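Across the two complexes that follow, subunit A remains constant while its partner is subunit B and subsequently subunit C.
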Partner chain A sequence: MAGVGSACLLVGLLTAVYAAGASLYGARTGNRAAVVSGRRAIYCMAGLMIAATVILQSAFLRSDFAYKLVAEGSSTDTPTFYKFTAMWATQSGSLLLWALLMSIFSSAVLFLTRRSLRQIAPWATAVLAVIAAFFLSLMVGWENPFATLANPPVEGAGLNPLLRHPAMMIHPPMLYTGYVGFSIPFAFAIGALIVRQTGADWIRATRKFALIAWTFLGTGIMLGALWSYSELGWGGYWAWDPVENASLMPWLVGTAFIHSIMVQEKRGMLKIWNVSLVIATFVLALLGTFLVRSGILDSIHAFGASTIGKQFLVFIGLVIAGSTALVVSRLDDLRSKARLDSLMSREAFFLLNNLVLVGLCVVIFWGTFFPLISEALSGTEASVGPPWFNRLTTPLALVLVALAAIGPVLPWRRASGRGMARAFRVPLAIAAATLVGLLLLTDAADSPPSLAMFCLVALVIAVVVQEVIRGATARRIVSGDPWPRALVGLVTRNRRRYGGYLVHAGIAVLFLGVAASSAFLDQRDVRVSPGDSFRAGGYDITYERATASLGSDTAGTGAPISFGAVLTARRGDKVETLRPKRNFYPSQDPATGAIGRFFEGEATSEVDVRWGLRRDLWAAIRPDIGELEPAIREANAKFGGSGDKVQTLVIAAIVERYRNQPPPANFRVIDSPLVSWIWIGGAIVLLGALIAIWPSPETRLRRVTSIYAARLGKELSRA
Partner chain B sequence: MEYGLAAILLAALVAMVVARPLVLGTGEDEAGDSVAREELEAAKEAKYREIRDARLDFEMGKLSQEDHRSVDRELRGEAIEILKRLDGLDGKSPETV
Partner chain C sequence: MDPRRKRKLRLVVALSAAILLAGALIYTSFSASTQASTPSDLLANAEPGRSYELTGEVADGSVDKRGEQLRFEVRDREGKATIPVTYEGVVPDPFREGREVIVSGTLEKGTFVAERDSLITKCPSKFTTKDDKST
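Moving on to the complex of A and B:
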């Protein structure tokens, strides 16, 4: 079936090229048949990508090592759950995922706009087809996921153990869905610029896609942070790693875009901003994809060197040059007739919001690419670390949270001084009370930025709650409904507004967790033996005993050997038991010996966390297995040629020896306050985004009416 | 062999699908009005949403009565323009509405 898979890619590439050509011809000549043919080609491309993905996934699931990709990224002992994810752990597999998502998204938007945007849609189709053709050409020309081996190995190399985590199964498709999703508003913006229809039509048609992309990208980033926290064994959730930054940058600019398009929809303003933001978002999404695979920057996420870096750079360069030239050539069409009525208006604050978010992105971009910039300028590679990022991004984050509090209160056009005073009286009082309470009852004053963030978080939440109460009150007066019904009616009728407010509250909650856990965490790194005790944060911790297991990996990662510890943590009357461990995966290097390979392959931390609303207690172990080396060497020499059963017994004996005579082990224990609120905030953001995305009753009704109208028109024309 | 045969078959299948509108026509020409209607309906919904938003802002005390009246008048004027264009698609004149 590998041949069929390769054929899907080749025909998919030809189909994408045809879709671009037919759509361009149709757009230039007004030939509707060519336009429809181009659109159908995109549907076909989606079918071909689905077929290719099914073929590749089935090869992974049945461990068909004749496929080079399966041999390099999976193995018979890789759990089924992770065999399914192995596709996007590889370079060519992730390219196929891009092409699959791209073709599905493109098909969806072209189907939904098949009876509208007749001038813009053909150009957008051509843009989408060109993007898809680029990714397909990478696979056909350089990185074929269906490449086969003349002599397939008996066993595959296995999935990178670091990726054997449930969050990692969903994280890459989430990120890619976000990246790909932003190509839709980008393509329609380009189409709108080409035909000089720079009104809000293209925004209305693609706004939902932008929101969906933003939601997926944000969820992907959160899952990545969760994976980092609970899998990587260093105890943090964000390290300002280049690949993390690469996913955050399009999200930040995409956030600005989602806010800014509201101003164009309502007031016909910020058109230049909006096309620039969507172009920047798409370019940053391409850059994010490129960085994961290129290996040009050191990252814990860059899994393998790339053979397609130059092609990516050329494509990104062409997108930037072409888009910029188009925007410059359409500046006259993009100038708005409307002007800001007042600096105290929602549109003025959206503009400020754009500036802060783009400013954050510029800071992160500079810090991320500083190693390359410094090497280009001085010949030596220098990099900036987390303190640099924290110092520059913290003030901007504070301004951003403040804007999240002010924005919802402001009306469009202009705010009256009296109205503002009334709107902010209670929230400011709550923020002030929070400040006083924190100063009196906690040591939050030790970190002024965190203290400021806590007060701003209180302000945002107070504003959102007040807005909901005021809205429900107004609705209750008008409708006479009881409170719960008025509240539901308010949110149902204004999903975008109240979904957005919930997102603001979620972001504030998330920042609460970030501020508290980064400023007030207590981390201890110790080397102790069983029976020893140490103190971490507010806990007295005792290393009770060592653990060692063979073939009983409860996390389902497929690790044959685990060494760990049982720790008892006491805080007052409360006693917690933690069981951190470290999994060892067999090496494929024959030089390590038949027995030694089980101890000298890759190892991953399986941290143990006691999650809590007030604090997390986090523990990781790095067992010192150096003392087992003489026994392993001896076992290699004596039993290297023995059968599997004998070798298993020998390995079990070595594992048992670790348990009975454990050497000192290295531990990292972290007492981290309020860190769980990061994940809770992320969940609130997701809920708010879903409310905003969900179709309003009016839209659903309109769609049904339109379908009936179209059917009626067709049947009448037949008669 | 498998690759070549599959490529030919898949290409033929795709060709059949994409060639259909070129050979048999799209059947879309008569639907020109429905395209304009869909776009106008979307614009109308967006305008209605703006009017409702402004009213909610007024009811919540964010807009003064004077500001709301001015904003509302402007938005309603724009909505009426859209409604007129929608009626124009049905061949209705303002007198017949």
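Moving on to the complex of A and C:
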């Protein structure tokens, strides 16, 4: 079957090349048959990619170690759920995932635009086909996911334990869907530039795809943060790691894009800016993939040195050079006649929000690539740490949240002083009340940036709530509906608008969590023995007893051994029990010995978190198994050649010994206020985005009536 | 104010904001950065008291845990130079002998004294160690 898989890729590459050729020929000569053929070739490529993925996934599911990828990334004892995810934990598997998503997205957009955008679509098809061909040629030429082993091992290496977390199942596909999704508006922008149709048509056709890509990318980033918080044993959700930054940058520029295209739709302005943004978003998405895959920057995500870094760099260079040349050659077509009427207008605030978002991206870009920049400038490799990022991004984030409060309620063109007063009287009062309340009742003043953020968050939420209430009241008066129906009707009639409001509220809630948890968390690292107590934040914590288990990991990660602890945390008269653990995975290194390999392999933290709306209590343990070492060494010597049953008994005895005579263990305990609101805010953003994406009844109606109109026209012309 | 002058003013304001940001970016990043050095770099020219980021592989057989303190040696990726490191704080999950690490601190009398919680381990490319050694 591996041969069939490789063939799918090769035929897929030829199909992509054909699609590009046919579309280009059709676009230049106006030959419709060639255009249709090119489009269908993309559908065909999607079919081939689905087939290739099914073949690879079934090899993973049945643990066919003749496949190199399966032998390296999976094993018979890897839980089924994680066998399925192992594909994108590998380099070539993730390339296949990219090609799969790319071909599906391209097919969807080309199907939806098959009757419109006759000029632009063939060029866009060619661009999409070229991007797909690039990824396919990487797989065909350098990184074939269907590479086979002449002597398949009996057992595979297994999935990296760190990746055994439910969020890791969906995090990479989400990110990739986001990256890939932005290639759609990019391709149509290029098409529009080539045929000099720089109006808002290409934007209307691909706006939804940009929103979908934005939603997926954002959700992917959130899931990555959640994984970091609940799986990596350090307790944070964001570390300004190069790969995290690489996913945030296209999201920021994409956010700017979905705001500023509204200005082009409504006022025909910012055309150059919009095509530049969509090009930058796509280039940053490519750069994100490149960073993960090239190992060029030191990162915890740098999955080893890669063979395809150079190819990526060349492709990115070509995309930048080609797009820039195209934009420059079309500058005359991109000039807009409309001018900014007033700084107090929605378009001016959109522009401002764009500048801040792009500024944030520039800051993050500079910091991420600083090691390379400093090496180029001063010859020594230096890097900037999280404090630098925090210092520069905090003020920009504050401005951004303030803009999110003001922008949506400003009218287009020009705001009147009376209108402004009417729109902001109540929200400003609420924000001021928040400020006074926080100053009087809490110690929020210890961190001025956080205090400012809390007030701005209150402002955003107040503005959104006020807008919704006003809209619903107006609708109630017009339609006479009761409140809930008026509200539902209001949202379904203006999905983009109220979806957008909800996204703003969600982002505000998210920043509430970030501001509170980053400034006011209490973190303690201690080394204690059973029976000892220590204080962490508002909690008195006692290390009650050690736990140790063999072959009974409850999280379903497939770890044979785990050591842990039972902690009781007292806060006032409330008592909670935490059971942090650490899982040990057998090492594949024979030098560690038959028994020792079970203790000296990979180990991952199984963090225990008491999630709460007011605060999270987070605990991780790092058991010190150094004291077991003499026993392990002895067991290696005595029972190294014994049968499985005896070895299992010996391991059980060592595990038992840890439970009965536990040595001191290291703990990290974090009392983190309001951190849950980050995830709640993320969920609200997702909900708002889904509302905005969902097709509105009007557009469906319009589509149906236009089809009827076309049919009627045909009938009439025939008659 | 006539519209043309207004536009010009806006342009000047926007440009100066951009220049200010760029200046802040360059200034703060160079002053806040720490240099990444390999053990051989550091042995050759380390100034006492200056903060460095040490990168390299954890030398085989060098990891020694004494209570809170972790001692290990960092070796050049290619080459033999090693530097002993003393470290306290959280040890990342993938920390192992032979893995690539980054740790910040200062060099004091031939020993690299690491800042608390500054240890970063690069993810292993493969779960197996066999492959890593052969390449």
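Methods note: the second predicted complex is superposed on the first by the 704 of 719 C-alpha atoms of A that agree within 3 Å, B and C clash if a C-alpha of one lies under 4 Å from a C-alpha of the other, contacts with A are read in each partner's own complex, and residues count from 1 in each chain.
Keep this in mind: a residue touches a chain if its C-beta (ideal position, glycine included) is under 8 Å from a C-beta of that chain, and two chains touch if they have at least 3 such contacts.
In this text the structure is predicted, and so the values were computed from the model without any measurement.
Once the two complexes are overlaid through subunit A, subunit B and subunit C fit side by side, free of any clash as defined at the top of the document. In the overlay built on the shared chain, the residue A:Gly359 is in contact with subunit C alone; subunit B does not reach it.
Legend: residue contacts after superposition of the two complexes on their common chain; A:Glu576 is shown touching neither subunit B nor subunit C. Superposition on the shared chain A places subunit B and subunit C such that, viewed from the Cα centre of subunit A, they span 140 degrees in steps of 10. In the superposed model, A:Asp333 makes contact with neither subunit B nor subunit C. Looking at the shared chain after the overlay, A:Gly471 reaches subunit B, while subunit C stays out of its contact range. In the superposed pair of complexes, A:Val384 makes contact with subunit C only, with no contact to subunit B.
When the two structures are aligned on the shared chain, A:Arg204 is found in touch with subunit B, with no touch to subunit C. Contacts of A:Arg497 after superposition: subunit B is touched, whereas subunit C is not reached. Between subunit B and subunit C, the minimal CA-CA distance in the chain A superposition rounds to 20 Å.
With the contact threshold set out at the top, not one residue of subunit A is in contact with subunit B in one structure and with subunit C in the other. Listing the residues of subunit A that touch subunit C in their complex gives 72-73, 157-162, 232-234, 298-305, 339, 343, 355, 359, 362-363, 366-367, 370-371, 374, 380-385, 387-388, 391-392, 525, 527, 587-589, 602-605, 622, 624, 626, 666, 668. Those residues of subunit A that touch subunit B in the complex are listed here as 1-4, 6-8, 10-11, 14-15, 18, 22, 32-34, 36-38, 40-41, 43-44, 48, 115-118, 200-201, 204-205, 265-266, 409-416, 419, 422-423, 467, 470-471, 474-475, 477-478, 493-494, 496-497, 698-699, 702, 706, 709-710, 713-714, 717.
Residues 1-4, 6-7, 10-11, 13-14, 17-22, 25-31, 33-35, 37-39, 41-43, 45-46, 48-50, 52-54, 56-57, 59-64, 67, 71 of subunit B are the ones that touch subunit A when the two sit in their complex.
Across the interface of their complex, subunit A is touched by residues 3, 10, 14, 21, 24-25, 28-30, 32-37, 53, 55, 65, 67-68, 89-94, 96, 102, 104, 117, 120-131 of subunit C.
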